[in-house]
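After this come two complexes, each holding subunit A, first together with subunit B and then together with subunit C.
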Partner chain A sequence: MSANAVRSRSGIHGHETASGWLFTGPVLFLLGLFLVIPVLMALWVSFSDWGGRGSPFSAGVHFIGFDNYSKLLAGGGLAEQDFGTSLRNNAWYVVLVVPLQTALSLFLAVLVNRAVLRGRGFFRTAFYFPSVTSSVAITVLWLFLFSSTGSVNKLLSYIGITGPNWFNEPSGILHDLLGVFGVQNGPAFLTGGTFLGISWWDWLAGPSVAMSAYIIMGIFTTSGTFMLLFIAALQNLDRDVTEAAMVDGANGWQRFWQVTLPQLRPTLFTVLTLGLIGCWQVFDQIYTGTQGAPDKTTLTPAYLSYQAAFQDQGWGQGAAIAFILFVIIVFFTLFQRWVLRERKVSRRKMRPYLSVGTGSSGVPAGAAAAGQPPAPDGERQ
Partner chain B sequence: MQKDTMQKDTMQKGLAVRILSGAAAFTTVLALSACGSGFGGNATSTGSGTAGGGGGLTSSSSALTVMIGSSGNAETNAVKSAVADWSKSSGTKATVIAASNLDQQLAQGFAAKKPADVFYLSTGSLAGYAANGSLLAYGDQLKDTSDFYPTLVKSFTYNNKLYCAPKDFSTLQLVINTDMWKAAGLTDSDYPKTWDQLEAVSKKLTTGKQTGLVVSGQYERLGAFMVEAGGNLMNADSTQATANSAANVQALTYAKKLLTDGAMKFAADTGASWGGEALGKGLAAMTIEGNWITGGMQSDYPNIKYKVVPLPSGPKGQGTLEFTNCWGIAADSPNQAAALKLVEQLTTKSDQLGFAKAFGVMPSIQSAADSWKQAYPQLAPFMDAAAYAQGVPAAKGSAAVVSDLDSKLGSLAKSDPKTLLDETQKNLQALLK
Partner chain C sequence: MSITQSTDTAGTKQDLVRRRDRNGTMAATSVLYAVLIALAIVYIFPFLVQVATSFKSETEAAQSPVSLVPQVWTTAAYRGLFAHSDFPVWFKNSAIVTVCVTLGRVFFDSLAGYALARLHFRGRGVIYAGLIAVMSVPGVVLLIPKFLVLNQVGIYDSYTGMIVPLLTDAAGVFIMKNFFESVPISVEEQARIDGAGTFRVFWSIVLPMSRPALMTIIILSFQGSWNELSHFIVSTQSPALTTLTKGVASLASGQLGGPTQYPLKLAAAALMTVPVAVMFFIFQRRIMNTTEGAVKG
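What follows is the complex of A and B.
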């Protein structure tokens, strides 16, 4: 039906194509000039030996193939080790921030979306506030809160815990946890092998305590934004389906998991994708805060790219890092799309409903359909 | 039902978007035309350099741009007034820009082929810029280079060419909180002369929240111990890696012992960002810092009384690290001749003593040493260190290796000095290939 509507509209207003191009033209031009061309230039730089003086297209700049990439991925030197470290740090950041912030934002959205809650507007604003505050300001605030004598450690001291020196503590939290059980060094099969210059044991170190502070900050700042997306989606949901589920006797918990959540799948995909992209590109917090310290455990690929280019004059390497990061992000986005794809309801899950439909018990077919949660969602797409 | 509402919604949104994007397009066109004229104006005013002036330098009537990485208003104003004085006497206009991020702004200028004409340059970034041809190697055209300290000249020599004139320098010494010193029952005769004495007084000064010695946990401080033990990360010309020498291992082992004994702590572990802050907040009785500490103490902790004494001698005598910056001139500057004259003026004794007064640096020329010491007798140990101080590595890419070492020194107490230095040795050797 929607396809028909679109077709008939374009048929009537076909002559508007020209004005459409006219209006989008300037934006396309700007996008080309400031986005497409620079990206292509950077791609060239990542394959060249450009040293940062003059144009990267000038005569003295040579094509050096995959040299910049191979130094990062198999060079065996400091470059590879730094890159591996930054990937390790950021991977842990993503693994923790993306699910936690999604869960928290959904939780907050459901909370402030409830009609019974008083002062809903206040809470919405309060939760959204960190998102509209500049990340530099929040980072500075965080540096104070999590300093060794800061408020967080003060609070911890009230319950008898000596807080760590957050932004100066390079030990990984998983290693710390294992240390509690007396495991100081990893088994030989983990410490022996390395990947990107980092031993497997170090890959499994978990985020450092310093990075954990950033992780808490990431969750704190972005869950407000995503809460807004979820609220919009929740308000758009059909009351009828929920009511039908109530008629069928589903309790609140079941309604959330079986009725509401499946309907939120498109929004969930948006939130997860945006979260994933944002998390792989962490830069401003690191730039303002620790700049990779302590012990490079807050180094991220985005910051490393900046550092390689602007501070160490390794422009090709900086650009190469950026493109590897691009590939990583695209890969994970596609992977996520695949995981969250629409699936037919499995035969096993369908069985109870099928038996109702085919049986001659006299239950109206409509009621059975309404009580069948995942299916309406499938149709809606 | 939901489908219908959604469709209506997108249609309404579509209209709004159309109106908005129309407005946006209009404003961007305006903005673009404004930008365009701006760029044009710039290009004509600065792009008129002619090569082939005196001594192969470009010269033109272009105004000079001087880009500095300033420590604060005092420094900016001092450089501004010195440059303005030169402008008045030479007739060439010059403006000073205090960069908020010098590395980044310099790099942008070089890439655009419109760099600042004269700029601050650190030891660490010299080799990178010299290698890609951004810098004018004007050392041989300076009237007199013999007055500069030889170690400073070495720091700015790349491929046997002096690239830029040392601007000033700083050294590290031991800074002591005198009230705490007296409270511990120590006198002027107890200032540590050897590593053992330093260890003893550090232990004595460690009580409660106060730590005897607090330093930043990085090579740029602990390297002083390496020099005292007769080592350093690289040789003086930065042509050989000597990171895992026995002397360096001995130095870091000593530092590690101080850490594990509790007599020394890294600033970060006390909650301070650097030694000066630890001293100012009363967390440290002693610290190892450079002559820049005076400015910080004066403005932030005016009530703390402190004294500067030479660092103790190590197994191989006295030693410390020195840090320096130079005045770089861009190879793409349209007016190198004037830039060279400006640099010669800025490195004269009178200008350097002016800078010293304004922001606490030490003149890079030997002839100014005595006047400086007379003016600041309490800081004399910093100047005396010029005789035995050594520079930090200057090979291309060494800055990254040093920062890698710094990141690991933070956990020195838990690691093996030899392993740390072996790793650094490997990384430094990779640079020299």
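What follows is the complex of A and C.
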């Protein structure tokens, strides 16, 4: 809204500036007081030596520059090691949960969206219900299901597998897998070097068995939400393009990859981004469940930040962890946006379709790749 | 002109497709159902186990963790929950917070959404951009900051501190703004020409028309504040102000070393799920569409 437009409409909308600010006032005040100001305060705390007593703005609190940050990123002490461990744990969580929940939710959406399906509402409800319940309730349930005498191990015992004591098992699943082949220690070039206080060999340990239970939970609880997004997107698809691909002889598998999926790109981006943002913020589950144990393998940056500030009174360090986490989330979101950006189709690839002039604003690139030579388009003869 | 053409071709296309698919259809449909039913069992089974276990005794819960029918029905877990824990207090606190937060969000979000959609005023663009920026701040970054401000303002460990910071959310403002932009403006203009003030128009004409969007806000904020945990961790410490999420979480991590008390914990988790579950089954259709609207906004 340009200033010009405001002036030209001032006849009927003359008094709206006052009401506009009055109407948005409460929201602005609340968001300002409980979001903007807190972030600025925490930013200050992350650069200070405040210990939790009195106001962080009192005279006794000093500016200490990047000390809190450098202790985490290059301190060489326990702080760096814990932070490295938490990043390792959370990174594995992200690497496994984001792709799996995206694939699963898309799979569920495609199944539920089948035209022949009866009882669609029932299936949709069943898959979505876990998303409605609170993370605390689900975690309590998970602690039982994955306990040493719990349901999961009972089911595993039916097929002759002795399940682990999930939430008390700190070994990384990739290390366990290598252990099956007799590899107990990593090669020297991996065990020698370290990053953030953790050896490269330990970075590659994979999520611990305990963390894997959380990973399964993450996929279980969020796939329903994202399924709804995919269903909505599937229902808005351009049916002409899909039917054209059918006529051209593309089978279901080809149609999905070459026609449907390219059209789902915006939703895919939304789901991946929301998943990525959510997965870097694992907190409730850890707080309710293992609180970082066993052997710190379920420690996440979010929980570490809370622990450092509220339990160990290291407020500057806790705030610093939160801001590093913030930067990580922003970085990955931008990176993902860049990877999934709309690529222009080259003119050479487009040429066979330009003359046909179907006029539908669909995806010529998708139809082109559907595996068939550009048959004389049956539609517009 | 294109209408007749497209119906014609649609007919031939469907014939083609039908001919090709007929043989595989039966088998494909059976496989589809088999897969869907298997998945549905995976998704529902945990909750059935949860309810069943809450009616089992401690030993039975450990011995037969997958049976859906207790050999001996007992309500010991539920009685223990009400007799020996603060469960009723937690429930009351969660209810108070949820009701206040939901009412607040309905009012403030629609007020701001209306201003952004309808009123022409200097600074609107800035406010809009600011809200977008605020929405992108990850919640977990706010744990420490929120505590700092609550402490500084002097409302730490009070209902005020629990409720007021949750009273508004940028996402809700966007949902309302999008809704207002989708309804025709003519009725309001008429009222305005008749001399009604801006708030009057909003309150007695616009709000009654916006029931669908308001329901969305109610559902989202009910679910959001009932399930909220981290805000209550950083805003309260006294047992009298503990909410369900915080209380059940302490129950879960509490008695380490002692008996596992799984029936009790699962009973607590099941009870705390009841209100959102009821909400879910009443407003199912709307909730399923809610997520769509929220993200599209």
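A few notes on this one:
Keep this in mind: the second predicted complex is superposed on the first by the 320 of 381 C-alpha atoms of A that agree within 3 Å, B and C clash if a C-alpha of one lies under 4 Å from a C-alpha of the other, contacts with A are read in each partner's own complex, and residues count from 1 in each chain.
Convention: contacts are C-beta pairs under 8 Å (C-beta built on N, C-alpha and C of every residue); 3 or more make two chains touch, one makes a residue touch a chain.
These numbers were taken from a predicted model, which means no experiment stands behind them.
By the document's definition of touching, of the two partners only subunit C reaches A:Phe129; subunit B does not.
Using the contact criterion defined above for the overlaid structures, shared-chain residue A:Ser147 touches subunit B and also reaches subunit C. When the shared chain is aligned, subunit B comes close enough to touch A:Gly77, but subunit C does not. When the two complexes are overlaid on their common chain A, residue A:Ala137 makes contact with subunit C while staying clear of subunit B. When the two structures are aligned on the shared chain, A:Pro26 is found in touch with subunit B and with subunit C. When the two structures are aligned on the shared chain, A:Val339 is found in touch with neither subunit B nor subunit C.
When both complexes are overlaid on chain A, the residue A:Met41 reaches subunit C alone and has no touch with subunit B.
Touched residues of subunit A, counted separately for subunit B and subunit C, are more numerous for C.
Of the two partner chains placed around the shared chain by superposition, subunit C is the only one that A:Ala319 touches, whereas subunit B remains out of contact. Of the two partner chains placed around the shared chain by superposition, subunit B is the only one that A:Asn168 touches, whereas subunit C remains out of contact.
On subunit A, the surface touched by subunit B in one complex and the surface touched by subunit C in the other have residues 1, 5, 23-24, 26-27, 30, 55, 147, 149, 240, 309-310 in common. Taken together, the subunit B residues at the contact with subunit A in this complex read 1-3, 5-7, 18, 21-22, 24-25, 28-29, 103-104, 107, 110-111, 113, 125, 128-129, 131-134, 268-271, 331-332, 397, 399-401, 404, 407-408, 410-411, 427, 430.
Across the interface of their complex, subunit A is touched by residues 6, 9-10, 12-13, 16-17, 25, 29, 32, 35-36, 39-40, 43-44, 46-47, 49-50, 53, 61-66, 108-109, 111-112, 114-116, 119-125, 127, 130-131, 134, 136-149, 152-153, 164-165, 167-168, 170, 173, 189, 192, 198-199, 202, 223, 226-227, 229-230, 233-234, 244-245, 248-249, 251-253, 260, 262, 265-266, 268-270, 272-273, 276-277, 280, 284, 287-289, 291-292, 295-296 of subunit C. Considering their complex, residues 1, 3, 5-6, 9, 12-13, 15-21, 23-24, 26-28, 30-31, 33-39, 41-42, 45, 55-56, 108, 111-112, 114, 116-117, 121-130, 132-141, 143-145, 147, 149-151, 153-155, 220, 224-225, 228-229, 232, 240, 243, 246-247, 270, 274, 277, 280-281, 283-284, 287-289, 291, 302, 305-306, 309-310, 315, 318-319, 322-323, 325-326, 329-330, 378-379 of subunit A touch subunit C.
Within the complex, the subunit A residues that touch subunit B are 1-2, 5, 23-27, 30, 51-55, 77-78, 82, 147-149, 165, 168, 170, 236-238, 240, 292-296, 309-313, 380.
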